[in-house]
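Read through the structures below before going on.
Two complexes follow with chain A in common, the first pairing it with chain B and the second with chain C.
Right, the complex of A and B next:
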């Protein structure tokens, strides 16, 4: 007799096994998200009673310059994702070629990932100050420092380059090298016999062979940009100068924990959630395509 | 069987006695982590020990919480969300106390005997709806310190404070020409504190009018002050490198070194105050004046002040409210207040706890100006007001994104945001 697909044929056992995970999912994902959506329609300071105010938070948000600045800044960070992807792929491809001591380079480039965003934010806040040793050296050569942290244009681009490109590099290398190791070596040998250059091999063999890994990397970077930049920005620029590095995620923190407008902050969070949900849907679609 | 019963009885007795003996009082504090020479931890430890001695069986657990507003107050917020936390917590009187007023005990029934010791300004600032919510251990203010040795080196008269706008600019020019950094600068607060100093000269006793609509930021003296700050930046008198350097404590420490810069816009109490600078630069090397005077200003030499800088409140969820109130009284009055003030150089709002730091000439100068103390406008705002105001200052003075006129317009809008 053919066994039925799904859980029905196994009685309650699968549900028992699933229950702990479902309980955790409900407690730490579904409930907070649902409560956040509910809170976004209220005026609440994080404790005590709340007041239902309907769509007022959303109306305020649309006209809020800080919110618009945060969307713009987050969008700017997204623009660094292609650069991050290309740079990481290229360096991984170089390392895969077997440069002498490549394991050492890989280890060095991975160190920032071990230190984490908070430490890296603090370290760069010291390195990039106008009176830092780095800027003293730059001043010695050019006559003036580079205002990494106090020029609005430089500050946001510094965050983009450091966080999206540099700090993701170590993990990206490990990830792409692992993916590249899965490529059949005979393809590279064939390319070599045909006289293909490094670039041709990279574009025609390496990248197409790890396309799914690249797609996942892009999705991963989107999530990082939308939902994991806070600690780095908080320790490096605190969203400043002015609102020049004030991202959506940073704004949520300021509204909730500096102004104690938790209801309003929740409305910002709903927008962030919507972005993340769209990215997740894209990721699921990619995975489904790979399965097919 | 008998042996086991006796053993159980003994254990129960031991635990019961222990729990009765050790009544714990938990204090959350954002200054307890200060372990430097004039830091808060040493006098706080001394006060805790004295309180424990005066109250046998009481154990004070003093917890060092983060010093930054945006880290400390969310912890209080979280405690409030679960209605559990410390018995006593430190607060900044003003907007912060007002924001958390619903979780802080009214202290009036506990402080009838000592309330009169505190200045009226401090009690007003620590009260919400006429009820005293915290007892202050410091009063606060901002002013302009200068290094007399560097003034002398630049050929300036160190005993003549450059109080007028013309003298101030001339002094900066002379200092710059002598290769001395005219104004040591720190991220965000240098400009913020300067404007707060200048508001005292702009509005005199009417500062609070900014929040009831009777006063505006387009007041000529305040506007002139903003333009003056822009001039200081443009002429390179404000050390532009400092705009990316943390004010706390890097810039404070820098001014405290002999070649760290000639002028510093700093605090009167808590950290980086007259005592710290005098100890670092020499008691006769620190000069002070409260604000820059403009020729057409109605008010001059006005000292901006907060009646209360920091203070302690008793939390509503505390099961030891009476004991907690006794602790708050203990550290803010009598020997407790004196211990804290004399060790940290903080100015006490308790009139009976005036420090005996007569060996510091600059303190006498400050005390003289305090007679003309005017309210600081920032604590009159809402939670997060200072953050918004400072970001606007950055845009006008650091990045140059907006003009002074636009700055004044936007600064005004923040009042009612």
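Right, the complex of A and C next:
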């Protein structure tokens, strides 16, 4: 990744260039994570003195139905990642064939990424209500609306489908199309002469040729599920109904900022950190493998 | 990217099928936006009885209410102040660090870069409690600068990563030539390398803008004073307001979409580059 052709080192100058970044990271990232680990062993409201309670927070957490719901929900979201990968790859492969208007489709499908989780969460909170345009139409056909966000089972699956599959579709299309653009055209020509079908070409040529991009996409989705969902959950379902769309991030938020159990929320944070550390290591390995 | 005369395994029927599928998919993806856009022009009385069709008598009252009583105009202006300042600082921090990692020799280059990479994915809620505490210790709660500082710190690792890969791929000869001319490291960066990296800096600016514009948790914790809210925070708060009618919330959403859509139309090229900046290499 980095070339080192200069014969001598650059002395102290690099550290001067890095100083602002390192100061910010030390204060706003390293210190908070370290403090989380410390406060996870305490009872603390977020202000005033704290009381050491050893592993009590962790013991409470293991039996906490909100925590278990969060883990289960996150696991369910992860199950949507293969679907997201297949759907996005397939549509990208369709568009690669030069389907008319592909640039417009790609741009329109990118809109959710542009507007961000907060706006999309509020937009879908309107669109999935019982009195929305969608549900009015459904009621007209079937006689009753679909309780997308009211039924617990539907709610978590709706969130999974929207967040993992739909919201990143436009992002994924740009990403995969750029990767596919790098594939040698003559391979496709050869496959066509051999009489290979679209599906065969897709599985034997396209997907293997962009293997790294696919792996990055999977890691990216893990990051979204574990580390970027808060804003969408907060504006779409607020964790409900019940705890049916609770996630680790949302749980940390509720414990710390509405119940003021900061010590307890830190124990959740430590668990979340452990998951993220694993994903981060996977991502770094992938980057290093690609750059070799 | 795709040429018109291209080999394709699709027959005419398959092609038509795919075309139809794409049109349906794209239209379906626009329906939630249509729901919001049409509702924003309907009166509070009309929406419940007519959620589907276009408004019978389009009105602007919802917009007036959302913009002024709902303060959406104020919030948009707030964002238009905070976010550009944040982006400017973010560029300075990421370009300097990216150049150091990408083109300079020093003992801790690799371990520090790995540390930065490791931090690119931290969830905001992991940091939120301590970040809001730190900001309060620094007496920056309820200040635009407080939220800007938290944004720059939080988004800098990813920005540093993409600048590092970009600088690392640039020929070292540029640096050497400037060095032989006796230019100082700062000079080499400011007058030689940064201008050469301008397309990537533009992409970095777009990535920073989108990240900061759409950010919620830090703004929520740092900007507790209503008049200081960002537009994204304003929308999230309105959503939580009990009993707020759909047409008004819809008008607020449409107002909040304006700036991101303008950015999209003006800088689409850099947005495309931004998507692929992190990782694509086949």
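Going forward, the second predicted complex is superposed on the first by the 281 of 292 C-alpha atoms of A that agree within 3 Å, B and C clash if a C-alpha of one lies under 4 Å from a C-alpha of the other, contacts with A are read in each partner's own complex, and residues count from 1 in each chain.
As a convention for this text, a contact is a pair of C-beta atoms (placed from the backbone, for glycine too) under 8 Å apart; a residue touches a chain by one contact, two chains touch by 3 or more.
Predicted, not measured: the structure shown is a model, and the values here were computed from it.
Asks: For chain A, which side has the bigger count of touched residues, chain B or chain C?
Replies: Tallying touched residues of chain A, the top partner is C.
Asks: By the touch definition at the top of the document, which applies to A:257: first (chain B), second (chain C), both, or neither?
Replies: In the superposed model, A:257 contacts both chain B and chain C.
Asks: In the overlaid three-chain picture, which partner chain does A:115 touch, first (chain B) or second (chain C), both, or neither?
Replies: The answer is second: A:115 touches chain C but not chain B.
Asks: Looking at A:187 after the superposition, I want to know if it touches chain B, chain C, both of them or none. Which is it: first, second, both, neither?
Replies: Neither partner.
Asks: Output check: A:243 vs chain B and chain C. Expected answer is one of first, second, both, neither. What do you get?
Replies: first
Asks: Between chain B (first) and chain C (second), which does A:46 come into contact with in this model arrangement: first, second, both, or neither?
Replies: both
Asks: Between chain B (first) and chain C (second), which, if any, makes contact with A:71: first, second, both or neither?
Replies: After superposing on A, A:71 lies clear of both chain B and chain C.
Asks: If we overlay the two complexes on their shared chain A, which of chain B and chain C does A:37 touch? Say first, second, both or neither.
Replies: It touches nothing on chain B or chain C.
Asks: Once chain A of both complexes is superposed, is A:131 in touch with chain B (first), chain C (second), both, or neither?
Replies: In the superposition, A:131 contacts both chain B and chain C.
Asks: Tell me which partner A:152 touches in the superposition: chain B (first), chain C (second), both or neither.
Replies: In the superposition, A:152 contacts chain B only.
Asks: Residue by residue on chain A, keep only those touching chain B in one complex and chain C in the other, then list them.
Replies: Shared contact residues on chain A: 46, 129, 131, 253, 256-257.
Asks: In the complex, go through chain A and note every residue touching chain B.
Replies: 45-48, 128-131, 135, 145, 147-152, 239-244, 253-254, 256-261
Asks: For chain B, which residues count as touching chain A in their complex?
Replies: Chain B reaches chain A through residues 69-70, 73-74, 77-78, 80-81, 83, 99, 102-103, 188, 240-245, 382-384, 387, 391-392, 394-395, 398-399, 401.
Asks: Which residues of chain A touch chain C in their complex?
Replies: By the definition above, chain A touches chain C via 1-6, 8-11, 13-15, 17-18, 20-22, 24-25, 27-33, 35-36, 46, 91, 94-102, 104-105, 107-112, 114-119, 121-127, 129, 131-134, 136-137, 166, 169, 171, 174-175, 177-179, 181-183, 185, 188-189, 191-192, 196-198, 201, 209-210, 212-213, 216, 220, 223, 226-228, 230-231, 234-235, 238, 249-250, 252-253, 256-257, 262, 265-266, 269, 272-273, 276-277, 279-281, 283-284, 287, 290.
Asks: Quick check on the complex: what are the chain C residues that touch chain A?
Replies: By the definition above, chain C touches chain A via 1-4, 6-10, 14-15, 18-19, 21-22, 25-26, 29-36, 38-39, 48, 51-52, 92-94, 96-97, 99-107, 109, 112-131, 133-134, 149-150, 152-154, 156-157, 160, 164-165, 168, 172, 175-176, 185, 189, 210, 213-214, 216-217, 221, 232, 235-236, 238-240, 246, 249-250, 253, 256-257, 260-261, 263-264, 268, 271-272, 275-276, 278-282.
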